[in-house]
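Following this line, the structures themselves.
The same chain A turns up in both complexes below, where it pairs with chain B and then with chain C.
Our next item is the complex of A and B:
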């Protein structure tokens, strides 16, 4: 029982990272209609920026994390404006955007490799919290607690933003029909920039936290999150951040428990088989509408 | 008298070529070198490549092959990808300047490229650790095979620490590591210890909190780690982060200084076998290698740099032993005649059935000041 509880906590913590990443991934898909394969690189660059902020600028944990989050946001805006804005102007479809995002994924991955000299780096010991809280007999390491709390805060905040604020209403309007939104007084360009930066920031947060907790600051960091994030978005429902968060955590728990009790080698196969089974039963996802296609 | 003198002269002219070493002519001799300097194996890949580059430069500068003979590496990137490695080999085959090749960190990739160059180009493997890869006269390996050293280390540590139970981590997607773990487990069992758990991880895994929890849940006296580099350091860091204070035994992937820089304190006191380290190997060749490498690249060499270095020295030695214009077949035949690598950083390196061997066992561990020292049982 002790082991089960510890592993559930481990699953929630790794799942929190998937959830954070998935929220940004889903935002871009729901609002901008882009299946962005380059989204993982925002996490990689955020972690790299956070690492260099700690090692070379001597920044403490929180400012370094903020710098990483800002890096993710800025990179997402730059990529959007260089890669996707020209396609929007020409009315290119989702496939064109996907191909373009794959190209940017490759380019940014190579640049991330150069930035780390192709090494897998780690945040130095002592530059991030390492305390452990005991919940009964179950240890809760600091980075796990921070990841889970971050997911809860970000999910609540973005859900509130989308459902209760004017910006959120504008984002939903642009996601539904950009032309109609523009006729209604919404500035789509600003909404697109806000959405891209928000998505990049959440991905960046996942990247910094993931880079610290896995001792892996490298170009492979974002790649690892990409497929899991996509799965979480599909299962959770691409148009509701709560679904992405819950599905991300569920994915993490399923992954850890299948490795613990069934087979490590078959872990991913088991996890994705479970997801597939879930989608057969509920194709629209946890909180999603009935179609995966953007309106 | 004149008759005898004429006979002597004629004999000398006839038989002289049989005894004199005519050496290869001056010229540029190209070795095709497949590197994994980018991608998931980049950290090790760059070390292998730097070692090889240094060897080529030294061989050329010292006129070791022959006066005016220049050894050039044609380095092509494969990023740890089998398809790209095969493509690189096809390009070397097409380039008639290439007289020998060297490649590969991963054993499955060696097995992928072997059919491509079969009986056409000699290949010296510099990094893949699976036994049985060499097949003279075409395929050789200078990799210091870690399997036997792992087994000896596991037995030595088990005898010293006398654990009742041992848990093992193993790379489930790497046959070489699975074999190394199985051999180590068998050796440990002979000391009376039982297996508490075998925890499988994958080479692409990045989060090791859950596997560390699983191992600690088995409550072993000792944990032994037989995985590739990134998982190994990740597992050890995760175990220490979760408060595991027991003994951990690692393998040679922990040796590069980059691993100390990456993980630091959790590695202190973790014993592992070692074939080469600037802190441990003190022969004249080793010291010269360390000095030259450090001057060239700004950081000391590691065990991978040493293997890249020895791969090119083996090819250089084969060329040195040849007469006349080297051909691909001739280089392969010359390699087959080498029974050891004369210029080596290990203090001795024999070649048997195409496999270079490093004798002796050194068990080391990282110390708190970031240097390697001989391991001593607590």
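Our next item is the complex of A and C:
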């Protein structure tokens, strides 16, 4: 029982990172209609920026994390403006943007490899909080608590932003039809910039936290996140941030428990079996609603 | 003459890979021509590849049985997959096909008796270069005939607007199902040819990088004409070779930049029938 509870907490913490990443990835997919292969590199670069801030600038944990998040946001805006904006102007659709995002993925991945000298770095001990809360008999380490709290805060905030605020309404409008949104008085350029930076920031947060808790600051961090975040988006549905968050946590827990109780080699198999069954049984995700097609 | 031979010795393998990639690109093009973005070609290639390698290595069958066998295997896999996939909307289908690649890799890893598991399998037979050329030529003739057939025209209509195509008496799902079947056959054939060119297959042979390569090749070459897929595969295979020779340290950065520039300059790809038509119309108008 003790072990089970501890593993569930571990799973939630890992899943929180997947969920955070998936929120950013899904936001871009739902609002901008881009399947962004470069999204994982935002997480890698955020982690690398956080690492450099801690090791070379001697910044404490919170400013370093903020710097990582800002790095993710800035990178997302740069990629969007260079790779996607020219295609948007020509109305090239999802396909062209996918290819330019692959191009940026190649560029940024190999730059991240150069920045870490092809090694996997880890944050030095003592540069991040290590306190432990005891919940009954179950210990809750600091980084896990921070990851889970971040996911809850970010999910609630972004869900509120999208469903209740004017900016959120504008984002949904642009996601539905950019021209119609423009006729309705929305400035799509601003909405696109806001969406890209928000998505980059959440993925950057996932990157910094993931880099610390998995002791892996390198380009492989983003790649792993991209695959798991992608799975979470498919299971949770890309048009609802709550779905991505819940699915991320669910995948994390399923992964940790199956590694503990079934076998380590089956860990990924269970993730993707879940993915497949959701695609077949509930293709629009956890919170997905049916939509109608133009006849 | 000797210079020509040297050149050939240096670039024969690059050209062989370009031809293999052309099969993958044609497979991706076959579904894209019906308006579907799908990465599933990699999964069909894995089916064709491992099936073909088993037929070659275990049963020792000759090539003229193995190659069609792999194509049929890929085609069967494609039909099976498309039953589920065609129920999904376009965005979901793209996501699902990516998921299919991830799942395929897990299946390959967990069935070592058939696939060699993590260690992979070595392939006893190498594909002769002339065979690759002959196959590509015959497949090209097939694609050319298809593109001017009733099916080709119907596919174009479905790609532009499935609802309008439906109202013209074309069944979009049937056209897309045929697209998937062609894609599966091409993917299966490409899969076994890749295995025979590499002379080694492992779970990593049929994974995400191949998927991105083939999509990039099709879009780069031009996704509105079948020759675009072949040109794109050639460019996309040659580009890394050139970049490695010119700027070895930052090879991938240079690759990415080149891809980015071409896509921003020519979003419809290198081969663009619409641009030809516009140019011809302008010339006629000036006359």
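Simple rule for what comes next: the second predicted complex is superposed on the first by the 287 of 295 C-alpha atoms of A that agree within 3 Å, B and C clash if a C-alpha of one lies under 4 Å from a C-alpha of the other, contacts with A are read in each partner's own complex, and residues count from 1 in each chain.
We take it that contacts are C-beta pairs under 8 Å (C-beta built on N, C-alpha and C of every residue); 3 or more make two chains touch, one makes a residue touch a chain.
Small disclaimer: the values here were computed from a predicted structure and weren't measured.
Q: Given the superposition on chain A, are chain B and chain C in a clash or a fit?
A: With chain A aligned, chain B clears chain C, so fit.
Q: Applying the touch criterion given at the start, work out whether A:220 contacts chain B, chain C, both or neither, answering first, second, both or neither.
A: So A:220 only meets chain B here.
Q: Quick check for you: in the superposed arrangement, does A:6 touch first (chain B), second (chain C), both or neither?
A: first
Q: Looking at A:265, would you say it contacts chain B, chain C, both, or neither? Reply first, second, both or neither.
A: In the superposed model, A:265 contacts both chain B and chain C.
Q: Under the stated touch criterion, which partner chain does A:121 make contact with: chain B (first), chain C (second), both, or neither?
A: So A:121 only meets chain B here.
Q: Angle at the Cα centre of chain A spanned by the Cα centres of chain C and chain B: state it in steps of 10 degrees.
A: For this superposed arrangement the angle is about 70 degrees.
Q: Kindly classify A:86 by the partners it touches after superposition: chain B alone (first), chain C alone (second), both, or neither?
A: In the superposition, A:86 contacts chain C only.
Q: In the superposed arrangement, does A:35 touch chain B (first), chain C (second), both or neither?
A: second
Q: In the overlaid three-chain picture, find the nearest pair of C-alpha atoms across chain B and chain C and give that distance in Å.
A: Chain B and chain C, overlaid via chain A, are at closest 6 Å apart by C-alpha.
Q: Between chain B and chain C, which residues of chain A are contacted by each of them?
A: The answer is residues 110, 265 of chain A.
Q: Can you name the residues of chain C that touch chain A in the complex?
A: Interface residues on the chain C side: 32, 37, 84, 87-89, 91-92, 94-96, 98-100, 102-103, 106, 109-110, 163, 212, 215-216, 219-220, 223, 250-253, 255-257, 259-260, 263-264, 267-268.
Q: Considering the complex alone, what residue numbers of chain A touch chain B?
A: 2-3, 6-7, 10-11, 13-14, 110, 113, 117-122, 124-125, 130, 132, 139, 141, 144, 210, 213-216, 220-221, 224, 256, 259-260, 263-265, 267
Q: What residues on chain A touch chain C, complex-wise?
A: The contact residues of chain A facing chain C are 29, 33, 35, 37, 82-83, 86-87, 90, 92, 94-96, 98-100, 102-107, 109-111, 114, 227, 230-231, 233-234, 238, 265-266, 268-269, 272-273, 275-276, 279-280, 283-284, 293-295.
Q: Can you name the residues of chain B that touch chain A in the complex?
A: 37-40, 42-43, 45-46, 172-173, 199-202, 204, 206-211, 213-214, 217, 230, 233-234, 237, 241-243, 258, 262-265
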